[in-house]
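There are two complexes below, and they share chain A, which is joined by chain B in the first and by chain C in the second.
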Partner chain A sequence: MGGERGNGANSERGRSRFRNLWKPYSRVPLLGWFFGALVAVTLERLAGTPLAQFLGLQKIPVLFGFSVMLKNPVLIPNVILYTLIIYGVPTAVATRLCIPLANGIAASLFRFPMAVTAAAHLALLYAILHVWAEISDYRVLVLRLTLIAVMLTLSLNVINGYMGEFSCSHPGFMALGAYCASVLTIGLFVNAQLLGTASLPAALGPFLFPVALILGGLVASFGALFVAIPSFRTRGDYLAIISLAFLFIVKSLIENLEFVRGPRGLSGQPDWADLPTVFLWTVLCVWSINNFVRSTIGKALNAVRDNEMAADAMTVDTRRTKMVAFLFGAFWAGVAGGLFAHVMRYVNPGNFGIQNLAEVLAMVYFGGLNSVYGSIVGAVSISLLGEALRPLEIFKWIIIPLLLILVMIFRPTGLIAFRDLDVANLLKPKPKPDGEG
Partner chain B sequence: MVIFLQNLVNALQWGSFYALIALGYSMVYSILMLFNFAHGDIFMVGSYIGFGVSMGLIALASSGVVALPNWLILVLTILFSMFLTSFVGMIVERVGYRPLRDAPRASAAITGLMIGIILETGNLALLGARRVSFPSLIETTTYNVSGVFVTNKKIMIVLVSLLLALALHQFVRRTKWGMAMRAMAFDFAVVPLMGVPLNTMAALTFALGSALAAAAGILFGVAYPVLDPYMGIVFGWKAFVAAILGGRGSVMGATLAGFLLGFTEIFVAMIFPSTLRDLIAYSIILLILAIRPHGFFGEPYSARLRL
Partner chain C sequence: MTSPFLQVRNMSHDFGGLRAVRDYNLEIGSGQIRGLIGPNGAGKTTVFNLITGIYKPGHGEIFLDGRKIDGLPPHRIASLGVSRTFQNLLLWRHMTVIEHVKLAHYSKIRYGLFAAFIGTPGHNREEAEIEEKAVRLLDMMGIRHLADQVVLNLPYGAQRRVEMARALATEPRILLLDEPTAGMNPEELVQIMEIIRRAHKELGLAILLIEHRMKVVMELCERIQTLDFGAVIAEGTPEEIQNNPRVIDAYLGKERAI
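Up next, the complex of A and B:
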């Protein structure tokens, strides 16, 4: 979408032309972009394979062709062409064409209660993701893992961003949730040698799966108490150390529990965490965390972060606030862990180590502290970048850290820090302002 | 009793690695109030630099240019590597910490973490995934002291690390630079106004810590001569916990806590199955921190709250 940028001598004219081209897009509501994206992904579904073959690519480039480009640089123009034809141009054209329509629909949707409006948008977003992901199993997997990463990042942002502490125990909470949910689902619904025969019919499973996830989350919150009680006695860096010790303890505990097969890991989780389930849970997570941080207790949390003494003087119950926020973050980490276990259908204690911690921290600080937007952006971009740079093998782990160091140096709080996610503002129609043209 | 003494000897050796690494964490933490999460990987880099230096010196000795006895090679390796690794530390400070001096402290922790990952991966990319084995420079002699086996390497490791810790303690207590460091730990904001160069002090702190980490890396290579790029992770994070356990900015505290961690780990492994080592060791640490949140020698936070 950036082909019309002016260059060189006529840059002034080019810039104004570019501005004119760009101008209508400022009136596109979110719904309009969704329409455009839906057109693009449908087009890929219908015409992707022939076009890819015509351009000399073996099959549809799965992740916008990054891996193809890195493996075989000769194909770079073809991949760019493919991306432009399938994604760039159709999105731009369709979005441009349906501005009035999208604004009209958005305006009529906007008259309904906010829940209905949001649900309609989410349904459309899901449709886009579904059509996009259906092309290959790899896309479905990457998408599900990305959504789980969004949940994890958001829940860590509640603690590290909104509360302003430095918690290192997130993989530990995730492990607790993952193992708890796995034990429940495997024990109750699967004939495994681990926990005997299934005691409940498998047909009941998908209905009780949320219960297992929630129980996993609650166990993670319970584990969080062991970090919270000693470390909230004093302000300072003790949460970092105690949570780090907690991470090691959880990992070591699971390694020593023969009941969950120790370091060999737990496998055979039923395949219930499909794309709609993960999407729904992610929406639920974003919704609840966004409401949490915008609630009174969320504001109190920010007050505690900025100055605990002043917050205390202003009648904020600092200890309770911190405790609630910490357990809340741990709960969602546990749920994300449970989903992770059922997406991978195998977990072992090695999944939840320092490496995992570094990844989640990278996502939080890359995206931006104290911001729901930022966490979504950070989680999505780091996960997709990680997948896209996979052909570079280990050099991936030089590029991503370098990128993060640059972000930290130039924007120390992350890309999109300290911004509210205002759903009403996001979804509202953007009609032509009065008195113009 | 013999088993106890034998384990005590092993624990002293194991603890001296932790102590040396913890000192670096502790110094950076006391002066800049930052976690240097790259420190474990500096330990790894120091170990590899030691490997390179010793290989070079061995080649030099065998070519017959200068006659170098093996013990001299070891001493020179330790000194050279400490010198070289201190530059690695200063580079880490310059790249990852100095630009973030005014940023939230957690951001600097993240750059440290990322530099650590770059060091690991860079090492993997440069030298490949195969493990290198540290040249054995001194012959292992085992002394049997009424049933307890003590090797000359163990004695050397413990002595060298105690010596280095003592040297650092003297440096911090007696010299002008050390005084500046202590002043800086006392008040980070005002002391630079008194003419103490902040950047120089930060670089010095990183250099000293890295030199000690390099010494730890070489001693580790002497004791367990297999190096791999991820060896810094386990040691680094554990030593970090030890550094905090010792109390902020206390040389003695960090050394003691490092040895204590070594003792706990070895003795837990002696009494219980060794897979429970981390579980019990960290539970004990958690308990200690719950009772004494500011560590052994640290001051309580309420006395000097810094936001």
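Up next, the complex of A and C:
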């Protein structure tokens, strides 16, 4: 420390040095970050366990060490060191080193049709997630639930954010999808008594699983009619109450249906919702919703939200628009519900209550209305936070709402609201700007 | 002469006990500019709302090109070629300028929902066409440089132009303008009148204009109707209207003998 006088100049110099250090990273394409992350997760796979033991941790900290830190604060420096050595430094170095390479590859990928470029990026993303999750079953579970949360949040954002109706029926749609898909898979492949027909050979199962999920989604869409039709004549608070009523109707319906074992719940779903399956469905969901909300038909949702009378006068069929928003949102909620049932391999009506509603709503409003980015950020951060703060038990439910309140004060529409997800812009290479170096 | 393009026959409408429009008749041939004037609360905007289907008339009939349109939902009427602007600017506040104009092509969209979900090549091609048309309209309105701005941040005059561009983007055959110059300064006034003239000439639109500024009405309109308490009290050319004692009474009040 160079004494009091030198401090200002020092910190100024330090800041500019930091800026210089950071500067190359503005030219990293998404592909470059993926390379860096892949290096980090591979390193963890190879050297994670010895390093963790060397640092006095029993095993690799599963979720960036949050639970270790909260249970045993003495280990906080060790966990931070671990995270830096495994994730921070390798990602930073690898990303920095392969900027030209990544830009080159991204540029040549960019010459292919967008579908190919996107598929290549997604494959790499999947590889990262796969290697990261393989360390423990817990990670796989958390990852799958997080991806399902992304689907739920995004599909709710279609209704609450893009169309601006406060719908509370999402867990209801999810329940319809979950139960429909479960009844089909259990009835057809596991337990012949449920549907009263012969079990199909289990080998067929994975092929018919998408069919079951889609049917679950369609049933949820059908249920959404009961909210969509009232929405023609009423909106705002009244529609919110109607949708809440729908949620309770679905819940008590399932509770009283002995066919699906009422409040005891359905168990024994086959284990078909593995990580690749959930990942694929999530990609499909994000992709189709993003396509939809960016098309002119999808922009009609925003017009109905901002001024319905003007939308009508500008030839927009507002009833069709509302119907599409509810049915499309409910479809993906239903699919997410089906996946949820097969990840947990047990569902009961209690899964789909007010608590679940509050979580999904929190994810939507935390992440940001009217934004695909926002939904992804909201769903991932709230679900990971929920898992990471689990050791705090009851205090978790004080910290997360507090965080939500803070976000609402400083960014009333959520973290990343009203932003389009432009895939081409996201994946494009970022070569050196002209006139520099 | 052929039958008028837009014809309103004996239209009346009540709000509760208040008769807002009384036995209103209107005939506009294609390509004509008509004015609708009258003191505040005379029922001018109600006439617009009745023609565009926001209210259903209690009595009377409305024909567009010989086809009965009263009772159709507003978006159907709009897609048949009746477009409008609003007195108090009903824009979609979170949307950008170009999105406003693109969305007004809604009824012309040929691709289906699933094409939008999947983003088929046909969908992309059509979106590109819509974009091109929208940019052309923005050019005509002189607001192309604002295309990616959210309308909430625009000055008032520009918002008026966005609304006009949006109304034209529905490819109307008749345009109902509800006080298009309200709140504009003299310079903007000249520009908007020029735009109305161009829309009339280049696109061959019939125009029905509600306006308080006499200068605008007198310069633009071929014939003018005057409404007072929901009823037409005078109809004629600008000169006739200007000198009509009933119109002067309606605006300035009756001269009383002391």
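We take it that the second predicted complex is superposed on the first by the 419 of 437 C-alpha atoms of A that agree within 3 Å, B and C clash if a C-alpha of one lies under 4 Å from a C-alpha of the other, contacts with A are read in each partner's own complex, and residues count from 1 in each chain.
Going forward, contacts are C-beta pairs under 8 Å (C-beta built on N, C-alpha and C of every residue); 3 or more make two chains touch, one makes a residue touch a chain.
Just so you know, these numbers come straight off a predicted model, no measurement behind them.
After superposition on chain A, the partners chain B and chain C are accommodated together without colliding.
Of the two partner chains placed by the overlay, neither chain B nor chain C lies in contact with A:376. When the shared chain is aligned, no partner comes close enough to touch A:133: not chain B, not chain C.
With the two structures brought together on chain A, the opening angle seen from the C-alpha centre of chain A toward chain B and chain C is 70°, to the nearest 10. In the superposition on chain A, contact of A:312 is made with chain C only, not with chain B.
Residue contacts after overlaying the shared chain place A:301 against neither chain B nor chain C. One of chain B and chain C touches more residues of chain A, and that partner is B. Shared-chain residue A:255: touches chain B; no touch with chain C.
In the overlay built on the shared chain, the residue A:288 is in contact with chain C alone; chain B does not reach it. Measuring only between alpha carbons, the smallest separation of chain B from chain C in this overlay is 10 Å.
Contacts of chain A with chain B, set against its contacts with chain C after fitting on chain A, overlap at residues 307. Taken in their complex, chain B has these residues touching chain A: 35, 95-96, 99-100, 103-104, 106-111, 113-115, 117-118, 120-122, 124-125, 233, 237, 240-241, 244-245, 273, 275-279, 282-283, 285-286, 289-290, 293-294, 300-302, 305, 307.
Interface residues of chain A facing chain B in the complex, by the touch rule stated above, are 160, 166, 226, 229-231, 233-238, 240-242, 244-246, 248-249, 251-253, 255-256, 262, 307, 354, 358, 361-362, 365, 369, 394-395, 397-398, 401-402, 404-405, 408-409, 412-413.
Chain A makes touch with chain C in their complex at residues 288, 291-292, 295-300, 302-303, 305-307, 309-318, 324, 328, 370, 418.
On chain C, the positions that touch chain A within their shared complex are 52, 54, 73-75, 78-79, 83-84, 86, 90-95, 99, 102-107, 109, 111, 113, 116-119, 123, 127, 130, 166-167, 169-170.
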